[in-house]
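Each of the next two complexes has chain A plus one more chain, namely chain B in the first and chain C in the second.
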Partner chain A sequence: MFNILKELIYSSGAVSLSGGNLVMWLVSFVLLYLAIKKQYEPLLLLPIAFGILVVNLPLTFLMEPEHGLIWFFYHYGIEMDIIPPLIFLGLGAMIDFGPLIANPKTLLLGAGAQAGLYVTFFAAILFGFDLQEAGSIAIIGGADGPTTIYLTSKLAPHLLGATAVSAYAYMALVPIIQPPMMKLLTTEHERKIVMSKLRPVSRLQKVCFPIVTAMTIMLVVPPAAPLISMLMLGNLFKESGVVERLTNASANELMNVVTIFLGLSIGATMTATTFLNPKVLFIFFLGLFAFIVSTGAGLLMAKFMNLFLKDKINPLIGAAGVSAVPMAARCVHKVGSEANRRNYLLMHAMGPNVAGVIGTVVAAAILLKNLG
Partner chain B sequence: METDWSKVIEVFSSGIIGVFLVMILLQLLTQLSTRIIDFVENWNKSETTEPAPKK
Partner chain C sequence: MPELIAPIAGNVWKILVAVGDKVELDDELVILEALKMETPIYCDDAGTVTEIKVKEGDAVNEDDVLIVID
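And then the complex of A and B:
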């Protein structure tokens, strides 16, 4: 009887627990709290947090190569680049490119915000990261979770957990991080600028946009193909209006299913041995730096464009050039309406916001081309 | 490990220039395609509009 009990205790995971496991449980509980209580990106943070928890329970072997359940999700979903493009398919089916087509110069704001990403690349090198790691950290500034995961899985898979959590955490914190930067880099007078109403966009224009964009980007930057093709296919589903079932499936069922596998797999990469090292702290710091600099770069780009434009744009919309859709656009609208109650910037900010999604994919593809 | 600064500069500059070039190209093509579509749609409208009856 005593021997059976002894054997049971020794074969349990409890005896193999390490201090690192306990710290990771704590990280998991903090993320669970943020997801459930504060509702910060709960769709992603909840499965990520649970993934961290279960992978840090010893002897479960959930991430054991060729055997563990979550390893299969990770291997086939992320290592083989299936999940991020599928997320983009769903995203495309939800995005309205109308404000961008109505005001195509906002594409430049989506490009301007990416400048912050390259500044962070430089900073990460100075912090001692290698080229591939620096590229993976810099892309956090694009505030685009799937692109961050896609690029990191190619360049520096060992940083996947930290960069993914960092990207999603900062996306959730847009309303806290962006407004101080917006107010710092714009004057009261600039924030009060009222923009003229966007021109209407026809259905044919909306149908042509994903086709033209997919062809252009894939011809110029082929490494962007997996993400941009799926994004534009999803959008073509939506705008064509003839495949409602596929649009709904992409935007709802498929998106929800892959989100579960994505979150769980990312969380499961965060074992104590990979996550608990000083580099991860630097990644969180540099990720925040990237996000702040990208916001600033977008704002400065808008101010620069105003030097040449007859019909001035409100520079706040430059901050939406990071691709946290639609949180960044909402944030711009809020700050703009605080300065001028008549200001309705939401639709104007959606242009650079969706341009930011395209810009981040292009930036990631160029990094991949140079560093992969 | 020694940092290859020439590679860093290359990634930095080609990245910024590349993103801007692609987005400018996309902007021009979007403007061009919307103008063509506007023109075709307006032309179709004027074709289908019945002439006003003479009094």
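And then the complex of A and C:
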């Protein structure tokens, strides 16, 4: 009887618990709190937090290669690059590229805001990260979760948990991180600029956009193909107006299904041994730096464009050039309306915002091409 | 007759006035919801509300008339 009890205790996970596991439980509880109570990106944070919790319960072997349940999700979904492109299919089916088509010069803002990536890339190298790690950290500045996951899984899979959580955390924290930078780099007078109405965009233009964009980007930067092709296919579903079922399936059911596996898999990469080292904490810091520099670069790009434009743009919309859609556009709208309550920048900011998604994918493809 | 125009496309979230109400410049008359964000629309002219052209939950396009003020 005593022996059976002894065996039961020794075979339980509790005996194998390490201090690191307990710290990771704490990380998981904090993320669960943020997801459930504060509703910060709950669709992703909740499965991520639960993934962290279960993978830090010893002897469950959920991430054991060739055996563990979540390892299979991770291996087939992320390592084999299936999930991030599927997320992009859903995003494409939801995004309206109309504001970008109506005001194509905002594409420059989406490109300008990627500057933070390159600054951070060199900063990360200076701080001792290797080239592949630096590329994966830099992409956090784009504030685009799926692109960050896609690039990191190819360049530096051991950093996946840290870069993914960091990218999603900064997307959720846009309303806190961006406004101080916006106010620092623009004058009250600039923030008050009311932008002229966007021209109407025809259905034909909206249908042609995903086709032309897919062809152009994939011809110029072929490594962007998996993400861009799916993004533009989703958008073509939506804008064609003839495949409503496929549009809805991409934007809702498929998106929701892959989100579950994505979140759980990302969380499960965060075991105590991989996550609890100073390097990872430093990634959060560098990621934040990347995001702030990207915001600043977008704002400065807008101010630079104003030097040449007769019809001035409100430089705040430059901050939406990071790709956190639509959080960054909402943030621009809010800061703009604080300066002038009759300033409705939301749709103007959506131009650079959706351009930012494309910009981040192109930046990731360039990093992948040179570092992969 | 002055009209309150929707400055952005979205859904009518709340209508804060009724026909017959007196309104002042800068009063908040309607709240539109776009991209899960509430945007208050302010009155451009003082006067009396004579007609409300939308109801809560309606989808509106940019430049649609929301309220007529006399």
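Operating definition for what follows: the second predicted complex is superposed on the first by the 372 of 372 C-alpha atoms of A that agree within 3 Å, B and C clash if a C-alpha of one lies under 4 Å from a C-alpha of the other, contacts with A are read in each partner's own complex, and residues count from 1 in each chain.
In the analysis below, contacts are C-beta pairs under 8 Å (C-beta built on N, C-alpha and C of every residue); 3 or more make two chains touch, one makes a residue touch a chain.
Values in this document were obtained by computation on a predicted structure and should not be read as measured data.
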{"item": "Combined model on chain A where chain B meets chain C, clash or fit", "value": "fit"}
{"item": "Partner, of chain C and chain B, that touches more residues belonging to chain A", "value": "B"}
{"item": "First, second, both or neither for A:326, with chain B first and chain C second", "value": "second"}
{"item": "First, second, both or neither for A:216, with chain B first and chain C second", "value": "first"}
{"item": "Superposition-derived angle with apex at the Cα centre of chain A and sides reaching chain B and chain C, degrees in steps of 10", "value": "70"}
{"item": "Chain B versus chain C as contact partner of A:197, first or second or both or neither", "value": "second"}
{"item": "Chain B versus chain C as contact partner of A:341, first or second or both or neither", "value": "second"}
{"item": "First (chain B), second (chain C), both or neither touched by A:270", "value": "neither"}
{"item": "Chain B versus chain C as contact partner of A:121, first or second or both or neither", "value": "first"}
{"item": "Chain B versus chain C - smallest C-alpha distance in the overlay, whole Å", "value": "21"}
{"item": "Chain B contact footprint on chain A (complex, rising order)", "value": "100-101, 104-105, 107-108, 110-111, 114-115, 117-118, 121-122, 125, 130-131, 135, 201-202, 204-205, 208-209, 212-213, 216-217, 220-221, 355, 358-359, 362-363, 366-367, 370-371"}
{"item": "Residues of chain C touching chain A in the complex", "value": "7-9, 26, 34-37, 39-40, 42, 62"}
{"item": "Contacting residues of chain B [partner chain A, same complex]", "value": "1, 3-4, 7-8, 10-12, 14-16, 18-27, 29-31, 33-34, 37-38, 41"}
{"item": "Parts of chain A lying in touch with chain C, wherever the complex brings them together", "value": "197, 326, 329-330, 333-334, 337, 341-342, 344, 346-347, 350"}
